[in-house]
Amino acid sequence: MPDHTSAFHLLLTGDPALFSIVGLSLAITLTAAVVASFIGMPLGALVALTRFRGRQFVIVVMNALMGLPPVIVGLAVYLSLSRSGPLGSWGLLFTPSAMVIAQTILVTPIIAALTRQTIEDLWLEYRDEFSAMHVGAFRRIATLLWDGRFSLVTALLAGFGRAAAEVGSIIIVGGNIEGFTRTMTTAIALETSKGNLSLAVGLGVILMGIVVLVSAFAWGVRRAGERFAG
Amino acid sequence: MSANTDNSDLPIEFSGVDIDVGELKVLRQISISIEPGAPTVLIGPNGSGKTTFLRVAMGLTAPSKGRVMWCGHSQSPPVRRAIVFQRPVMLRRSAFGNLHYALASAGVPRSARRRRANELLSLVDLAGLGDRPARRLSGGEQQRLAIARALAREPHVLLLDEPTASLDPAATKSIEELVRSVSASGVKVVMATHDLGEARRLAGDIVLLHRGTIVERAAVDQFFNSPATKEAQAFLAGELLL
Amino acid sequence: MTEMAISRFRRTFRARALALLIAATIGAVSNAAAADRSIVVASTTSTQDSGFFDYILPIVKERTGITVKVIAQGTGQALDTGRRGDADVVFVHAKAAELQFLAEGEALKRYPVMYNDFVLIGPKADPAGVKGLKDIRQALASIKDKKAAFISRGDRSGTHMAELALWKDSGVDIEQTKGPWYESIGQGMGAALNVASASEAYVLSDRATWVNFRNKGDLEILVEHDKRLFNQYGIMLVNPEKHPTVKKILGQEFIDYLISPVGQQDIAHYKVDGQQLFYPDANDPNA
């Protein structure tokens, strides 16, 4: 990307480097959010619906992990994926996959904790009716997930927002390589350190735009939920 | 004891049932048999254990002491009996959705569900509201929908916990008519209420609960005209406190 | 509830397996695509901030077909990345550290490539009165005497190590005599310049990053062209015997290009604002 053009100009002229950066950001964040949902939602539902020793402790830990510092996750993943690390043979360091892995680790606790909260609240509401209607176990889970779908989508969007905003982990495990692992947040960090502040600000505005769009979408989903399901 | 394969849950027999919640004895030494026939109405002050009684009769709460039997069986899956809670919870879907759900849980085949759902809606006088989100119905409408849900499994016993407690007189009247017609169709109704007039209008026999024990049980006319116990007399005079 | 627990458990395991599968697939696909002709080069943030890689990498791709992926860190970190085998080539500018790397057996040979120079940047107001001095040692001593604000990178980078060496040369024991006027920020050259610009302080920078820097504020070059300010670059292939996954053939090809006459000329042609930033010296035996 040329150094001293404003980000908007690049956006309007369809600069391929800018678009590849935005595209990579979205691809990584979306993938991480989806994978985190696959892991976090069943996990959250499991904790919500079962009784076991240490359950309260698990819930406290899940909630605490929502605040996992990205740099720590980045460091841990970096050391694991390094060639001299335990998973070095996977050869994933400095690739988009490593970034997806790091962000998945960051986002899963959020989705798991929010899912648990949603499902548990809904479960407490529905429990008696389930018993009264003699609903089988599988059916109960499916009903909770379906009836809670608006809140679950909100959880997914919360995870997405968290991933979209962070830079600490992906810059460590991705290496901020131009054309390969440079995303909006890592590009902003780089351009700032190069003194290209106007470009950095422009990128920041684009990023904020995406985050705001996602928030608005989440709000819309909640409204739809209230309207359709009451 | 074997599982219930008979065609009925009646009679429901309580033998020496205690329900303890921590230190508190919610029900003590309840022994009663609920037979088929006209509605059995439970009355009593708040906290006397009416709700717990119904839950035990439904099989949702297990006795701490004593036992409950349905048609001679100590285990009976709640297939032929249904309960409507005091504040029924609507699933987050339309009225139709709720009914379809109840019908599916009752094992009604998919092809028959639509017809049955429409029948049930008409039965409870909610025809035309099928597509409305259930949680947006009025209190009285939700109560009727809950009864329709309960009726979806064609129960032999219908347990109702204060169905008109939070309703205005018009809604109350429509619920009472519904209860009458359900009872007339052969379903045994066991109902808790705090409204003495309602009890008198609907009951075949009255059970008075006080502090977790059955104080008196009698046919409705006898209970109201010549109550046998001191507590019953005090209750009817509005002087029976917790 | 145990039936629910078991079914949930199974679903969780399936979910985790699916997640790993996805991650591995993405990894395999992206690696396969890049496995063609690409190498990882660990270099420094100053070199990246100077725009050198933006200029040379497309040329490298044209001439050799190699896609070079640059990880830019401080010199110390870059060499550590090489020690972990996470890079194929290291390309830094701190001869002592490079020779140490060599001595450890982490590389088999060091090739000089080019040099650029450092300049002493400071505010126009010049509170330490160093403008135009020919000897950097005098300038630094003056800064220390006047306790003028000075920004140090403090990140084990080549620039940082050069700065420390110059303090030593100036007869200043910086560890002992530093005070609040000396700010060590632990970041790259661009960040250091930003801080200096914002707080009107002195800072030692490589010329390339300075010329490329877009936030100069009131800063300007105050001392330059002292031979002590020359900054030599060396390149090394990470030892493939120690790290078998190193792409030795492609890595060596990249090195060979940079030290070839064609490569050296390409390096010399890099100009910003009409100024040449890097001076090729692969043939200098003392470099």
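List of remarks:
We call the chains A, B and C, going by the order they appear; numbering starts again at 1 in every chain.
One rule holds in what follows: a residue touches a chain if its C-beta (ideal position, glycine included) is under 8 Å from a C-beta of that chain, and two chains touch if they have at least 3 such contacts.
For clarity, every value in this text was computed on a predicted model and none was experimentally measured.
Note on connectivity: the fewest chain-to-chain touch steps from chain B to chain C number 2.
The chain occupying the central position, as judged from C-alpha centroids, is A.
Distance from chain C peaks, on a Cα-centroid basis, for B. Between the Cα centres of chain B and chain C there is a gap of 78 Å. Averaged Cα coordinates give chain A a centre that lies 47 Å from the centre of chain B. Averaging Cα coordinates per chain places chain A and chain C 32 Å apart. None of the residues of chain C touches two or more other chains. Of all residues in chain A, none touches 2 or more other chains. The residues of chain B lying in touch with chain A in their complex are 58, 60, 77-79, 82-85, 88-93, 101-102, 105-106, 133-136, 149-150, 153.
Those residues of chain A that touch chain C in the shared complex are 3-4, 31, 35, 38-39, 42-43, 45-46, 49-52, 82-85, 88, 90-97, 100-101, 104, 137-138, 140-141, 175-178, 180, 190, 192-198.
Considering their complex, residues 1, 3-5, 7-9, 11-12, 15-16, 18-19, 22-24, 26-27, 30-31, 34, 40, 45, 48-49, 51, 53-54, 57, 69-72, 84-86, 187-191, 193-194, 197, 209, 212-216, 243, 245 of chain C touch chain A. Interface residues of chain A facing chain B in the complex, by the touch rule stated above, are 125-126, 128-129, 131-136, 139, 143, 147, 227-230.
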